[in-house]
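We call the chains A, B, C and D, going by the order they appear; numbering starts again at 1 in every chain.
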């Protein structure tokens, strides 16, 4: 796989050299997609863009969005903007748009009839501010997946669980077999995300929305949410032996059968794919943890800072179109393990898990995700809380819930 | 033992022969005295502790991944492979760029050389002005500068983004050079000031009577006498700037990323499994320039430090 | 460029007016004295005033606002500070900084001094030993953090190796244990930093007059007492420079934590500088980040400013 | 004295303050053309500070400085027409002797051949020709000091400033160079201002000595005058080795004449030359050890008996310590027969040679 990626990149460079420099405009694109599956997916975008005669200058920043975003924001506010940049769509770039630093893409959108092709509609809504469109959604990422290692369960001699509760019940057997039941990486966003998934799955869609959308602090302190905290308590006990930081290292524990499962977004699928694993045979995926089959419409989007250079602006338009091009969408999302934002593309090549996702999407069982509902500030506080909760057994469930409710009370 | 000591001390005090045996004190001669065993024993144990991480880095970087997964980190490689080094230098990927650290190396050189030159030029003039030309208010500025040494860089990122934007240097190499000069200034100025203060003031006065001005004294009298402190400054700045990550990542763009940023990218761009051998090779490669600088000029460093830090 | 011009301009106008009233042999305007020195100090003055003072004032000002992603002058009084001091992560950060600070300070000085004292015994291979102790200083915190993360990783590192040797209950995983993680980080910090301290101390020891040693020997004072009561007090300037270097490193500790634990497990190894960075950029809450910055600046100021003024502001 | 030639250096109402600390207070000093002035005083008296002010190395707070009639108060050091020699020699370590000598001239842009001529002359006067190509580190202390003087010499200036130039040398070299400086002055006839704390240098070199204390010139006079008629107790005590004897007592008028009384000791002051009309009150009576004689008959206007306490042979002469009115008192004896410890002796002196100081103000009466 890695060789493939290399050749793709090489091919792109070679292609550029023959494309004739006069027409080619270099456009620097920053993103934080650096894991194996992610990089392969980006290569598809770059290939498609280079095919238009322009040149994709890759500005990958390793780490997570937390490392990369400050750099992107500094550059945009510092007057040295890149050609295009990844953000999670939602509220991350809100203020940049308000400050007039981002390009209005309404014209491109009208031409490409985005309002018709992009689904679910909420995706484009989060790109729209004051009736103008400022970003291009490229994929739908849903967090609500439980990835299970078939090998691990075989080894422990327990049947594959069908939902979270069975999984929790199987934990002691896994532990006995020397397997970490649940892999949760050390980075804060992973524990926080796992809790949000539990909230939507164990608590249900209404509970999720009541807490994050309505920001009902009293409800957050109540018994419904207490149930979720109980589940989170199970989760942290199951995860206590995970000694890795990055999410893909945690995924790797599942891939290699060292861990039973992982609560992680659909991007984990890319890792299984890179490792040559087959859904259903080597690993099993349970959307909504098998309890509440919904999909959150979070995801990535590209924003285009305002540039002075007219050629570059033109190239930005081309890139925006390319990103939503059906062919690009398929190629990109297959590699990335995410769902395309167009309803009209052919995804026969998709594997089991992706097809499950597509089916849920078709049913319309979608919920907005925390990126859209909460400010980054509240998100960060939430991360701090759950990072502490997962790492510190002395922090009681009650105490954590109380702090969670306080946080919701002041959230925006 | 104590008897011997007493005798020797008495005789020393009386100014008598000293060649009997050296007493207690900093410099005995016998090879295997208890003291020597203790002294060298301690030094060797401590040295092993300091060398351990480097050893692990080198050894790991020469192993293949299967061996790493099985073996222990301290065992020497069964089969030496240089592939991790080649990969770290030339083909490791971050996102789509698969040219390893090689590009970052030259970027680091391009950033480090002018930054070191400019920051040292400014700081040496500052130190000289503070030590010899104390004009009114100079000490206040200096105190501010020293306090500035304690300000965490993170706090200053935003104001500096604004300043650089206002002067139109954001994202450019000159901008980064200026940032390095600013943050290198406090400690360097302190060193230069101490060094120049320790030079005889009469020398400066003599040069003034001889008619040399501010620049004349600096260039013709002070500079030729300042080699040790310049060595210290160069070492500190080369390592500091070469090793910088924060400014490199915030104030540059991907095509000018320094080596440390690329290192971080390579180490954190986990593609499947962490390739510890490649990471270690990349780590050593990144640290190589400052390490070489240290190994070459370590002796001068201590001498310069003695001149710049000891006198106050 | 902009502020520079403004500053020069102001000085120039101030210069011309009084100069006209005075005859040549009279006292010239004090601004003319040492003019070259002043011109040469412009970079320093600009750095001090625009970057350090200006940046600080700017930061403090905006800490009273509710700025999110971009700075806005929307004042909310002390709200950011109330929130800051009610945040567990901030309190843990402060606690960690104190622990880390005390450890760094005490152990750097003690180890650095002891190593220097050992090297000062006219030993053979002094250069080799010194180079070995000093080389980690050439490595960045990022590199240091990575290596020690690797060494302290229970699955690969020291713990794994010792267990393989047969001691299966051996446990040494400081980076994965909330209650001692900050000590684990200090191990790496000391490894990286003590070499420089040793160098400074060695330089200081070499600056001590040989006669002092002779006098102490004649008086029959044991070596450790000579060090403690005679030599160390004589090395006051070295200790001051060393303190400045160590202390400024302590307040700024950030990369090392990021490279080793990213603040984990949980938030057990968070430090203030990381809180500032995370809230300013990750949480996109500049106001909160600035409030935390201001608290850091304040504590620095309380300790440093009076000392710096006494030490450097006034000369004999 | 050469004062008739006109004033070379003139300092008027000079004050210097460092913050609230006053280092020099409204100081006035006129130095005549070709005169050799020594500024003498204990460390911290402001003598070096004054010299640095004259050189322009320190900015003064008040007052004016003229050199050769030109107001140079705010001139740069190089434009004042001075050359300066420093205690630590202050030779530029990285330059050869020749380059050291020529540095100032090169800075001033003087033509090469002229520089060569001046260096040759200076080297000849100071006899340092063989040293020209050496670096300062390869020179002895005395050679370095010659080079330092040479550096002032080549500047071809009117006024030489010496800042304790001999203090770093050993006693023998110091004596040699002292003579050389004296000869140099005689040869060049330049104005020289010389700072020292060594009274022998002051006495031997100076045309006039300015004794300083606390930033104030206490007395400015020819060496002999300062030695014999010190204007106050400080000057009296500072000059002379061994130091002047002081006996505390009071002045009274008895039997139509003035006399000094301390306990049983009564010294008639018939021959004493009062500085002004005397007034009764507490005074210090001072007399130099060499102005007292031992066991030399009773022909002295004053004589008394005492018992020897300690005898200090000093080579050429001997210092005899005894007690007078319960106060220590020394006598310098040159005769071959020196008294033994505990021997009873008679001492005598002429009060004309004595100095009387008001106990409260310390000024000469």
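Details
By our rule, a contact is a pair of C-beta atoms (placed from the backbone, for glycine too) under 8 Å apart; a residue touches a chain by one contact, two chains touch by 3 or more.
Note that the structure is a prediction, hence the values are computed from the model and not measured.
With every chain reduced to the mean of its CA atoms, the largest distance from chain C is reached by D.
Ranked by how close its C-alpha mean sits to the mean of all protein C-alpha atoms, the top chain is C.
Highest C-beta contact pair count among chain pairs: B-C.
Centre-to-centre, using mean CA coordinates, chain A is 41 Å away from chain B. Chain C and chain D, compared by their mean Cα positions, are separated by 53 Å. Mean C-alpha position of chain A lies 38 Å from that of chain C. For chain C, the set of residues touching two or more other chains reads 33, 277, 280. For chain A, the set of residues that touch two or more other chains comprises 70, 74, 77. Residues of chain D found to touch two or more other chains are absent.
Note for the complex: chain B touches chain A at residues 91, 93-98, 157, 161-162, 164-165, 168, 170-172, 249-251, 253-255, 264-274. Listing the residues of chain D that touch chain B in their complex gives 52, 55-57, 76-78, 82-84, 86-94, 103-104, 107-108, 148, 151, 155, 163. Looking at the complex, you find that chain A touches chain C at residues 66, 69-70, 73-74, 77, 92, 94-96, 99, 186-188, 243, 245, 375-377, 379-381, 384, 387-392, 403, 410.
Against chain C, the residues of chain B that register as touching in their complex are 5, 9, 12-13, 23-27, 39-40, 42-43, 46-47, 49-54, 56-57, 60, 68, 72-74, 122, 125-126, 129, 133-136, 138-160, 162-163, 166-167, 181-182, 185-187, 189-190, 194, 213-215, 239, 242-246, 260, 263-264, 267, 276, 279-280, 283, 286-287, 290-291, 293-295, 298-299, 301-303, 305-306, 309-312. Residues of chain B that touch chain D in their complex: 200, 202-203, 205-213, 216, 220-221, 224-225.
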